[in-house]
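Structures given as structure tokens follow.
What follows is a pair of complexes built around subunit A, which joins subunit B in one and subunit C in the other.
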Partner chain A sequence: MVLSEDASEAFSKAIREISRRIGGEKVLTDPEDLIPYSIDASKRFEGVPWAVVRVNSTEDVSAVLQVADRERIPVIPRGSASCLTGAVVAKRGGIVIDLLPMHRVEVYPEDLVVMAEAGATVQRVDEECRRHGLMFPPDPASSKVATVGGALAENAGGIRGAKYGVMKNWLLALEVVLPGGRVLRVGEPTLKWRWGPDLTGLFVGSEGWLGVITRAWFKVIPVPERVVRVVGVFPDMESAGRAAADIRASGILPLGLEIMNAETLRAVSRATGIDLPREGAMLIADVDGPREAISRLAKAVAECMRRAGGEVTLSDDPEEMERLYLARKMAYASLTRLYRAVEIEDITVPLSRFPEALRRIDELAKRYGLPLPTFGHAGDGNVHPTICYDPDDEDQVERARRLAEEICDVAIELGGAVSGEHGIGIQKTGALRRELRARGAEYYLDLLREIKRVLDPNNIMNPGNFDL
Partner chain B sequence: MFLAFIDAASAMIPPEVELARGGLARGGDPLGLGPRVRSAWAEGLDLPSRGELLFYAGDFYPVMGYAELLLRLTRSPLSTRRLASLGGALMKLGLLPAALRIAGRGANSRYQASLRKAVNTLIRLGVRPAILREEEPSFGAVLHTYGLLDEFSEHARGVWERLREAGVRTIVTPDPVAALFFRKHYPEFVDGWDVDAVTWVELVAERVASEGVRLGPVSRWAMRVTYHDPCVQSRMMGVVEQPRFLISEIPGVDLVEPTRRGVNTGCSGDGGLELVQPEVARRLALARGEELKNTGAKLALTSCPACLLTLRSSGVEMFFGDLIDMVHDALLSAKRGEPREVAWAGARRPLRLTKPRGLSVEGLTSTLAELASRCVRCGFCNPTCSTAQVLDGLESRSARGRVTLIRAMVEGRDLRPGEVLDRLYTCVLCGACEMACPAGLPVPDMIIYGRALAIKLGLVKREELGVDGGDRR
Partner chain C sequence: MVLSEDASEAFSKAIREISRRIGGEKVLTDPEDLIPYSIDASKRFEGVPWAVVRVNSTEDVSAVLQVADRERIPVIPRGSASCLTGAVVAKRGGIVIDLLPMHRVEVYPEDLVVMAEAGATVQRVDEECRRHGLMFPPDPASSKVATVGGALAENAGGIRGAKYGVMKNWLLALEVVLPGGRVLRVGEPTLKWRWGPDLTGLFVGSEGWLGVITRAWFKVIPVPERVVRVVGVFPDMESAGRAAADIRASGILPLGLEIMNAETLRAVSRATGIDLPREGAMLIADVDGPREAISRLAKAVAECMRRAGGEVTLSDDPEEMERLYLARKMAYASLTRLYRAVEIEDITVPLSRFPEALRRIDELAKRYGLPLPTFGHAGDGNVHPTICYDPDDEDQVERARRLAEEICDVAIELGGAVSGEHGIGIQKTGALRRELRARGAEYYLDLLREIKRVLDPNNIMNPGNFDL
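Showing the complex of A and B:
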């Protein structure tokens, strides 16, 4: 978006004021600095901000939001921009707040609590916890880059989600800066607190649309005593899906339950050199627990896999486990290496419908004639069919678009959601509307608009997200 | 036409780079010290001047003491830029080299001594290489690194001719940067290039193992040491085990590893950065120096003259030494034992070559457009990026940010080439991003081609705007 001359003058004035208040060295306005901030990992959406402000403190954020709100300048909070939906792209220009310089992490081992500033990476939070024998359970595949602020704003999940859920399950308290510069504190860093309705949830998954998350307190847990990895190779995805459902039904809660189809396995093999089966499907179950119980639990999981037709191997060798973990973590990356355009879908369905969802995705792949490597988190019913196509072939682009819609429709029909953990951003706005319509929940969007009006009356926070 | 370009290029590149380029043109080395100074280390050595195996000292070792002096001056109250312009003027008058020659002799003697020790070590191990003395050509690191690729390409062809005249088939060099150039960049830029190159560390470790040499104890080295892997040696050429083998062979030396080691080593702030953006380079050197010191070792060894320069100038209170010196001394009291089988003997990691489709604006543009289109934008490179680490993740000076900038440049977006060049010059070419890249992009090569393209586009723009209308930095 290009500014008119008047607006441009007003903007320059605002930027000068921000520079004066927080320090000019934190403010970037050269196009050569702004263009690198125009992208995220969607590879589709771009938008060049008018300025980038690299904040060092909550006070810095507050100053920016005060000026921006007064002058009606859009503000986009940004961490590592590893999101896949265009959520942190400056769709309508404005100021990008770069939170990476805010990366303090403090562990309180006796309280089982960790405090992290928004710009710290999820992996770093986990590493700091591990120095004290603790772990930070959420584990998005991008944990090496994904920041705490971004992971909260996207309510990210990840590989350990089967047992440990998503970011919101670990959140205790939040500090958020609202438009106008007010600093809002929600909750206490204690395992329980009652301030009435829990408003932390308002900001979880908000994709920078209501305010800027500056820091958060999470509960953490002791590192599990033992982890065993059970790997099953199946003739097809549906039987792997059945095994996953069976494991869940047997009362065992693996910490991770990851599924990959043959197309994904082949891609990972080709891109990383890791030796994997080339046909069928693979299910990786990580079982954690006390030393005494672990082998019984692992055997029960193995039995479920065998019953569904799987060939099973068990391992607790750290190197072997790391190898397989890497294979799963590299799935999306491997695809991007082999195909010129990939669009990763992110649907969830009730666990009982998971095998059916996999079968229908398989049918769609055949019908559309596009490569559709599929992998995901069988433990929580979240699967990532990834559409691969040639962006220069109009026919393929159109087929990819329709395929994406149909995948979302599978989720809607089976009683699930169009996005489990990647978020809405720009990519999923249409699909979200269809989902809400199917549930008779259109009022949800109206209510969101009302809330937005209260917290952000001038609509400066990440406008264009959710397309509202 | 070509010569006109070379002269025009000086309008785009920073004065510091111009200084090094001028030195190379006049004296044959980046500081313009001349062949006599450069070959002084080899005085008194009785070695042939032709032969299949050449000991190559490289651009840095023979003059690194003078560079140390220059680096100290740039950290003086005089700003680098003013100093560089002053230096440029002095260089033109031939005065800078003269001044350096006088003032830097003391600091330089230890680098020269290391070169002699490197050669003597080889001789003791039964290897008798040729040396080219005053005839040894620069390998042109300055030209390639700063994106002056036409000049580099022509220079490299000249080097090849000189090596062929001397009958060289294999180069052994203590300078890992030179080894990387001869193994990767020369094959990229010189058609038919057929000279092999090996680092001194590789060859010596192989000989010690295969000849069954038992290195002896040396009281002055009996202490706790750590080892700093130079990025070009470990990450890019895969030489990780060899230096550790040599250190562990010496009785009484206790090796402790820093957090970032082997292929995951951390940059100490060279890669050309110390010349163009000394403040960022200084932060890198300080961070790496502290990390090495935190191992509890008294001495940090390394195998790269540029790393030694930056670490020794980092201000970190620790001894920084050359692995050559230690191995040389340990060989003096060595004994004969049984030959040992080592897994890494003779193993040379094949290097991936990136050949641009020509060095014209069109050639570079199409090469970069194809490579940049493969960037996934995931940002997995950024946490590993040396400069982003010391700049709080500043995107425009991080790996992904530079690739984004290159893509914008080849798409013809309205950018100032001089400003693009400035962002690209912040890269230390350490290659950490390349290793983290899921798409397998050769990011350091892209940076070099991006620099070359930015220089050329800047010149085109200047011509359109009239000579002084551009954005000289």
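Showing the complex of A and C:
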């Protein structure tokens, strides 16, 4: 969005006021400084902000939101932009608030609580906890860069989600700055508290659309005594999916249960040099628990895999475990290196429908004739079919568009969701609308609009996101 | 609240309309039928509704909320009323919606999901899950009667909360009827889903103040292979509290970690005939896990107890375990049988401050000269000092009032909350205001009021609750 001359003058005045109040060294307005802030990790959505403010404190955020609200300037909170749906892109210009400088992490080991500022990476929160024998369970594939604020705004899941769920399952309390600059604190850094309606949830999954998360308190748990990795190689995705369902039904709750199809395995091998099978499908199960029990649990998982036709290897060698973990974590990045355009999908289905979902995705890949590397979290029914295409070939672009729709429709038909952890952003607004219509749940959107008007009456927060 | 003649006429018309639409046999208006609906389990708060509607379906609830909203009639959703803060009492008259007839439970074992209607008891949800080798972890002491709707509206915790948290940690999706009769569905019955802001949280802890929860979907987990109960008897509460802190710091996450002081033990003995120590304090730790590991883990817990001065016994005999469990579950009920008036408090503190909180509660008991049986959940820093007094003795009533305030102030000073799981209702509005002021978090209440206006513009839902 380009500003008119009057608007441009008003914006310059606003930026001068912000600079005066929080320090000009925190404010970027030179075009070459703004370009790195114009995309997210999807590389599919773009929008250049008019300015970037690198905030150091809640007070800084408050000052920006006070001025921006008064002057009706769009504000987009941003961490590392590992987002895959365009949620952190300045769709209508405005000010990007860069929260990376706010990265304090404080562990209270005796309380089993950690406080993290929004710009701290998820991995660092976990690392700080591990100095005290504790673990921060959420573990998005991008945890090395993904920030706490972004992971909360997306309610991120990740590889350990099969057992340990998503960000909101660990959240105790929040600090959020609202348009106008008011600081909202919700909750106490205690394992239980009751105020009234739990307003923390409003901001979980809100994609910077209601306010700026500045810090959060989470509960943490002791590091599991031991983890073993069980790897199965299967003739096809459906049999790998059956093994996953069988493991879940056997009374064992694996820490993680990751699945990858042949196209994904080949891509990761090519992009990273990691030696992986080239055909079939792979299932990686991590089992954690007390040391005496771990080998029996791992054997039971291996048995489920064998019954479904898998060839199995077990490992608790840290180096070998890391190698396979990297293979999974690198899946999306590998595809972006090999293909000119990739669109990653993010559907979830009930666990019982997971093998069926995999079979139907496979059929769609054949029907549309586009590479569709598919991987994801079999432990919570979340899979990422990733459409690869040539952005200069109109026919491929159109097929990619229709394939994306059909993948989302599989989720809707099987009683699942069009997004599990990547969120809505720009990518998923149409698909979300279809999902809500199928459930008779359109009223959710009406209500969302009304709540937006309460929290952000001037619609300055990430306008154009969740385009309702 | 007594109705004027005009209002009474309008109310009668509204009730006739509701009877016509959903069936007159579901509507109670005879005074003798209304009395059982006039109190909650605290027996401290009272309000007789003008009518009770026993609903069978979401459609019934919708019809009541349509008529009530149009006619501005207060509506109070109610399950078994095991509530302890007056939240389900008709403070300003109106219609009580009795959700007990809505008690369907459906387990989807392959999905690791259970659907429960609002009137199903928490214990029955767990029992239905157990037929499939699964467990529904939340476990309030009143789980035999407490309903899913009430437990969500209070974000109940319970005995297994040390490891498994509170209701919201297991919630996947919700169906809620809003004033005016609109049915809001939020979320999917899948382990992950992303729509946008997670509106389920608005209703968790909302105490019937924003809408009527009609059904919910939860994730469940496999039943732990084994559970062992470790019981320690200590010279005083502070040493029991130290043992609890030491257990939590040792890397073991007990399923439950329950504490009771001597006054509680004596009261339970007297009221139930269960043989318990009469002096000191008791700590009950439940440890769950794979069968090979359980005895080592239990021994480690026992060692923590011994170090803090406890005499320890271990048991995995189901009958003995049940006896001790009952002793803890019966604590509040026993006190209500022995004393004419009891006010149960519900503070939480950071785990590291738990021994200090216990010491200060003990000092307060001595200073105020009132019986103060104290018990609670040492695993999540939540304790229930229970003030016992003679309601006809003005001096005792005044001392009880001041003691209640001081107990809440201990929580506020130690960085905790005035309620952990019982909620605000009528009992805690003043204390909550003090807590929010101490945290600079008063804005939470302003925002709550504005959100209330969006969801319930005519203020028909449980008016007088959270008296802001």
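Methods note: the second predicted complex is superposed on the first by the 468 of 468 C-alpha atoms of A that agree within 3 Å, B and C clash if a C-alpha of one lies under 4 Å from a C-alpha of the other, contacts with A are read in each partner's own complex, and residues count from 1 in each chain.
FYI, contacts are C-beta pairs under 8 Å (C-beta built on N, C-alpha and C of every residue); 3 or more make two chains touch, one makes a residue touch a chain.
Note that the coordinates shown come from a computational prediction; the quantities given were computed from them, not determined experimentally.
By the touch criterion defined above, A:S42 reaches subunit B but does not reach subunit C.
Set against each other, subunit B and subunit C touch different numbers of residues in subunit A, with C touching more. Touch criterion met: A:G415 reaches subunit C, while subunit B stays clear of it.
In the superposition on chain A, contact of A:L191 is made with subunit C only, not with subunit B. In the superposition on chain A, A:T29 contacts neither subunit B nor subunit C. With both structures placed on the common chain, the touch criterion links A:S334 to subunit B but leaves subunit C unconnected.
When both complexes are overlaid on chain A, the residue A:A81 reaches subunit B alone and has no touch with subunit C. Once the two complexes are laid over each other on the shared chain, residue contacts for A:S142 go to subunit B alone; subunit C is not touched.
Of the two partner chains placed by superposition, A:S315 touches none, neither subunit B nor subunit C.
Contacts of A:D380 after superposition: subunit C is touched, whereas subunit B is not reached.
Comparing the two interfaces of subunit A, the one with subunit B and the one with subunit C have no residue in common. Looking at the complex, you find that subunit B touches subunit A at residues 373-374, 376-380, 382-383, 392-396, 398, 400-402, 404-405, 408, 413-416, 419-420, 422-423, 438-440. Note for the complex: subunit C touches subunit A at residues 108-113, 133, 154-155, 157, 161, 165-166, 168-169, 182-186, 188-207, 209-210, 219, 221-223, 225, 245, 248-249, 251-253, 289-293, 296-297, 346, 348-352, 377, 380-382, 415-417, 419-424, 432, 436, 439-441, 443-444, 447-448, 450-451, 453-455, 466.
Residues 28, 30-43, 52, 54, 80-82, 98, 100-101, 103, 119, 121, 142, 144-145, 271, 330, 332-334, 336-337, 340 of subunit A are the ones that touch subunit B when the two sit in their complex.
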